[in-house]
Amino acid sequence: MAMISENFLLQSVAARRLYHGYAADLPILDFHGHLTAKVIAENPRFRDLSEICLEGDHYKWRVMRANGVPERYCTGDACPFDKFTAWAKTVPYTLRNPLFHWTHLELARYFDIHELLNEKTAPAIWQRANERLQSDALTPRGILSKFRVSALCTTEDPLASLEFHEQIARSGFATRVFPAFRPDNALRTHDPRAFNTWADELAACTGLNIADLSDFLEALRLRHDEFHRHGCRLSDHGLNHCYAEPCTPREAQSLFAALRAGGHLSSAESAKLNSHLMIFFGRIDAEKGWTKQLHLGAQRNLNSRMLELLGPDTGFDAMGDWIQATSLSGYLNALAREDALPKMILFNVNPSDNYLFASIAGCFQEASSTAGKIQFDSGWWFLDQKEGIELQLNALSNCGLLSRFVGMVTDSRSFMSFPRHEYFRRVLCNLMGDEIEKGLLPDDDELIGTMIRKICFDNSAEYLALPTVVDSTPFAAAEQRS
Amino acid sequence: MAMISENFLLQSVAARRLYHGYAADLPILDFHGHLTAKVIAENPRFRDLSEICLEGDHYKWRVMRANGVPERYCTGDACPFDKFTAWAKTVPYTLRNPLFHWTHLELARYFDIHELLNEKTAPAIWQRANERLQSDALTPRGILSKFRVSALCTTEDPLASLEFHEQIARSGFATRVFPAFRPDNALRTHDPRAFNTWADELAACTGLNIADLSDFLEALRLRHDEFHRHGCRLSDHGLNHCYAEPCTPREAQSLFAALRAGGHLSSAESAKLNSHLMIFFGRIDAEKGWTKQLHLGAQRNLNSRMLELLGPDTGFDAMGDWIQATSLSGYLNALAREDALPKMILFNVNPSDNYLFASIAGCFQEASSTAGKIQFDSGWWFLDQKEGIELQLNALSNCGLLSRFVGMVTDSRSFMSFPRHEYFRRVLCNLMGDEIEKGLLPDDDELIGTMIRKICFDNSAEYLALPTVVDSTPFAAAEQRS
Amino acid sequence: MAMISENFLLQSVAARRLYHGYAADLPILDFHGHLTAKVIAENPRFRDLSEICLEGDHYKWRVMRANGVPERYCTGDACPFDKFTAWAKTVPYTLRNPLFHWTHLELARYFDIHELLNEKTAPAIWQRANERLQSDALTPRGILSKFRVSALCTTEDPLASLEFHEQIARSGFATRVFPAFRPDNALRTHDPRAFNTWADELAACTGLNIADLSDFLEALRLRHDEFHRHGCRLSDHGLNHCYAEPCTPREAQSLFAALRAGGHLSSAESAKLNSHLMIFFGRIDAEKGWTKQLHLGAQRNLNSRMLELLGPDTGFDAMGDWIQATSLSGYLNALAREDALPKMILFNVNPSDNYLFASIAGCFQEASSTAGKIQFDSGWWFLDQKEGIELQLNALSNCGLLSRFVGMVTDSRSFMSFPRHEYFRRVLCNLMGDEIEKGLLPDDDELIGTMIRKICFDNSAEYLALPTVVDSTPFAAAEQRS
């Protein structure tokens, strides 16, 4: 029997009715991920299964390493077929890891392959998948169309030129591709060299002289405006924890001046300046009706030897256990006090903090353009698996309104990840169906099914209010500059 | 089909046998809550469904806000029917939140209404419920009788006059209503103005001049004595975390003197003085055989704008993630060292700390007037729902003795909350019944059913040893003074 | 019906097939525990059920205390039968605590007794069990043979003479008994008196003069070598949290000199020196291909009055909530940077940190003599029960490779604990069988059963690479010295 059957993950009759009746056919609104606009714009064919399945996928590299596979088959110079074979040998060892499910879901949905992947089946699967990769259906754009991705947000530094976003928009491609504004580099105030290099590039990009803090903020605001003109409606921050230190404008100016002059800020000083910057970022999002995403709690680049060898985002990150409550609630409160709290989506990577985040979100809800102003979002990174998704759904349900949840994102660097939406939807329907059958939810498919449709698509569409038509005028201007 | 069926939450035949055979008919001993003695003494009729269902209920306000309902329909000046309608519109959005179950359990148990509440059913439900509220069965006392509440503890500042407790006792009302002693104001040592205002009132109330620490402790002890004469057998503290800083009597005197003179204590000094005070509170509870409750880990009043507008206890609290272990075990150890450890009930609001609390409780058990001297108690606040209750029951079971558990409290400001005992009992019976059917517990209803009866009532009755007859003499004296 | 049926804990047909077909008949490799080699060498009969069941078993003492049993029946001078009776009276109160299952599993497996233990059945069980304890089958060695313990590691201070390990090896006893090297005393750098007493003993034991840090490390290395000659292949550390403070060799020397001269190190200094020592311990394990165990997160001896009365390891420990991530990842990184990372097994006692530990382990995997170099191990101490085991299995599965897991250890002071391996195996098979039946795992008994066999035995045998033949030469030398 194939791993991925029609009713995969759906343990009850009600779950099956809900999934097939309400969730299966929905389009995807993938509002957070790490695909690149360039690839979507240029739409090259994938060379082979190794490229589409393994390149850049640190989830897979991690378990290969845990399985004793030498690095040359992960990120190294082994040939594509050997890398794929090393992965195929590892797959049977991934039982109970989400990669076992994801892998077979990917093979089924992209290639209509239903065998289990292992050393023995690898050569035939390699050949069959590579053949299919030659069809237009499996180019980047083919994949976006196949999975009915209505809109997609890429994660961009404020300096990103956005030319490829323009190109895609101009092409009339059905999937809308928007940038999300992620100014992590503006917060590297603990590293004067990196900060100033980036500030210099920001100056060049905006044509401003960045001498003091107000110049810096003005330049950031120009980029924020420019992103807005390209349809951007989300910002994003990847932080260990929030910043909520008291910092007067004068202190901030003085700290910025010291930093801009190449000086080192102490850890407390850097936190103060970042607190000031985060308030600024909150304000400009609120002014434009954007949604701010906070990705909190990941410990990055723990293995310094491998960082030197391979760079970041290669599978050497983990969750952390920082104290989160005071700084997160302090940040939200600081914005709420001045009526500058934008819509906000909180992502948490340590499952021990799920209830904490969900309960804090509940303290800052307010009547807004849309309900559910402060969101506690789906199982992120290590939590993007059945147990992690269920834990998040339960924490959110018990401390807030699941019905207002804006739902799943792939958060992936791979074009193979769209079935994670299917995975999430099956897990969600399974949970709800089980509770219908137990009498914990009303036995009313229309009521529950409608809620599921909203979580899987409608809520995010309404909440994010992404532009449906993007004005092409600013694109030309931006193109000239970049 | 009605949401609240006979076997609601009871998934197995054994669970149904246990609930209906052992738990359903038990009276309620509600040893911690926030009802006011005045209302029970005066026993006014509820004006309408909005008053009994929504006033003071910050659980409901929170989800209304999360649903985008403007504040005027929560705490504001909208008319009662409009507020109720706003709530009714929100109810279908609370699926999977405990409020969905609670609400329909309340409608069923108070009003014999079995429809789902929503915008469409709201007007008829409003009318029908309001009619029933006119009967004596649904006055405050009617409700206490209907739910067979044998005793109830209210949560009182040491300055509370207790006149209404006397009045109730004198009236011969079947439900015994006792105060619990909650001296949170004595620990506001970080706020000299608030502290001294309260200390002045304590002086006035006791007729003592509070010049130094020993006066302050003497005054507190007088109030503790007075509460004891009114049948009080429980104290309570709401703290972020325990205090267990070393502090000599001399240091404490000096810190108190500085504070009493209007000086500001540093955060470390305040913690030292509070540590000293908490030891004192432990001692006087131990001397009188009282039970001390510790409510640890809540972050309060996170939204300062809303605090200014609405005051505390309006739905802007969350859980925290303070380090708990060292201070909690340090406090228990300090009392145990001097053989002054009272019976103690630990309440925890962040589910990540359940196992921690349960394992710490196990280090301070000792032969006592009753078994289970140090209790780890039921899912509190955000945890008072099916998952939260199950997590607490599992942590307690695995690290201690569930059989000695003193069980559920409503911890509510609302007369509508008594069905939460039914909810807890159903969850408990469901858990135990499931394990009987799986062979994890002996298939012996008498054994398991007896344990359930104890958890739901007998254990708390025996453990707390509340007075069954209260001497009325001191009441008269207290009345003259107040 | 007996509590411990053939299919105890096995809820599905697949679980039963897996357990009986793959797991039930496996030998045991118990690589971490607290049995003493002396008892195995001398092999005395157990006096009575009280001795084998209650002596040294602080798990049982804890719940007896929680049940109100006076201390004299736990650790005191009550007679063995009275102690056993006090325990028997407590057993019915342990429903849902792992002791309820463990106790009846022990009675069934050691004595073929299938009644529930309680006050009424206690006398007959006492008599019947005591009779059976007179047979050779229930001596220490009889028990090891009965449970097919292929190898066992005892936990030893570096000063331990190892004479009994030699004696056992020489005797040709089928169960191999190896020491594990646990230098906790070398890390007591916060306590100059204890540290120097131990350093003096280390000097005496090795014949070295320990004047400076290099002498100290040399002496530790001599003991490490000596342990290696006795077949030791594991080290172990019991720590609140890891140490990963920057500390130059010069700083370490200077701190050591101050300490060795009787000086007090500050808490920060002690952490620095310990960081340096832990790097040393990592290096020597890596050099010899040993496996390092880290037992992190337990708070010990919380009840100081009882510590004074009864000493450590008497049931007054709990879990802690220290910040773990930075120091754990910092330690692993420091070793990995210099290519001195040994195989490592991480044990965590606070279930809130399961995912954290599992995700950190995944950052330090590398191709090695065996796959799964950094292990996140089984539910330890308070987590050694069904829920705790399942939580660990899920965290490991979701963040790493369950298939490479080295599995269960008893970690016990009692000869009655070997059925915990059966308990673990049943829980594991139940989890996997359930997922086969739900379609979450392939319906392939050979695939899943093989994985189960590896987790239950083969993985640890391959990973640890314990010697199968121990060279007896060094034994003679060691014997002369000791």
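A, B and C label the chains in the order they appear, each numbered from 1.
Operating definition for what follows: a contact is a pair of C-beta atoms (placed from the backbone, for glycine too) under 8 Å apart; a residue touches a chain by one contact, two chains touch by 3 or more.
Owing to the predicted nature of the structure, the values given are computational and were not obtained by experimental measurement.
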| item | value |
| --- | --- |
| Numbering shared by both copies at the chain C-chain A contact, with half separating same from different | different |
| Magnitude of the superposing rotation for chain B and chain C (Cα, nearest 5°) | 120 |
| CA centroid of chain A to CA centroid of chain C, Å | 41 |
| Two or more partner chains touched - positions in chain B | 323, 352 |
| In the complex with chain B, residue positions of chain A that touch it | 323-326, 329, 332-333, 336-337, 339, 352-353, 355-356, 359-360, 362-368, 370-373, 393-394, 397-404, 432, 435, 438-443, 447-448, 451 |
| Of chain A, residues touching chain C in the complex | 1, 3, 5, 7-9, 11, 62-63, 65-71, 92-98, 101, 116, 299, 302-306, 315-323, 350-352, 382-383, 385-388 |
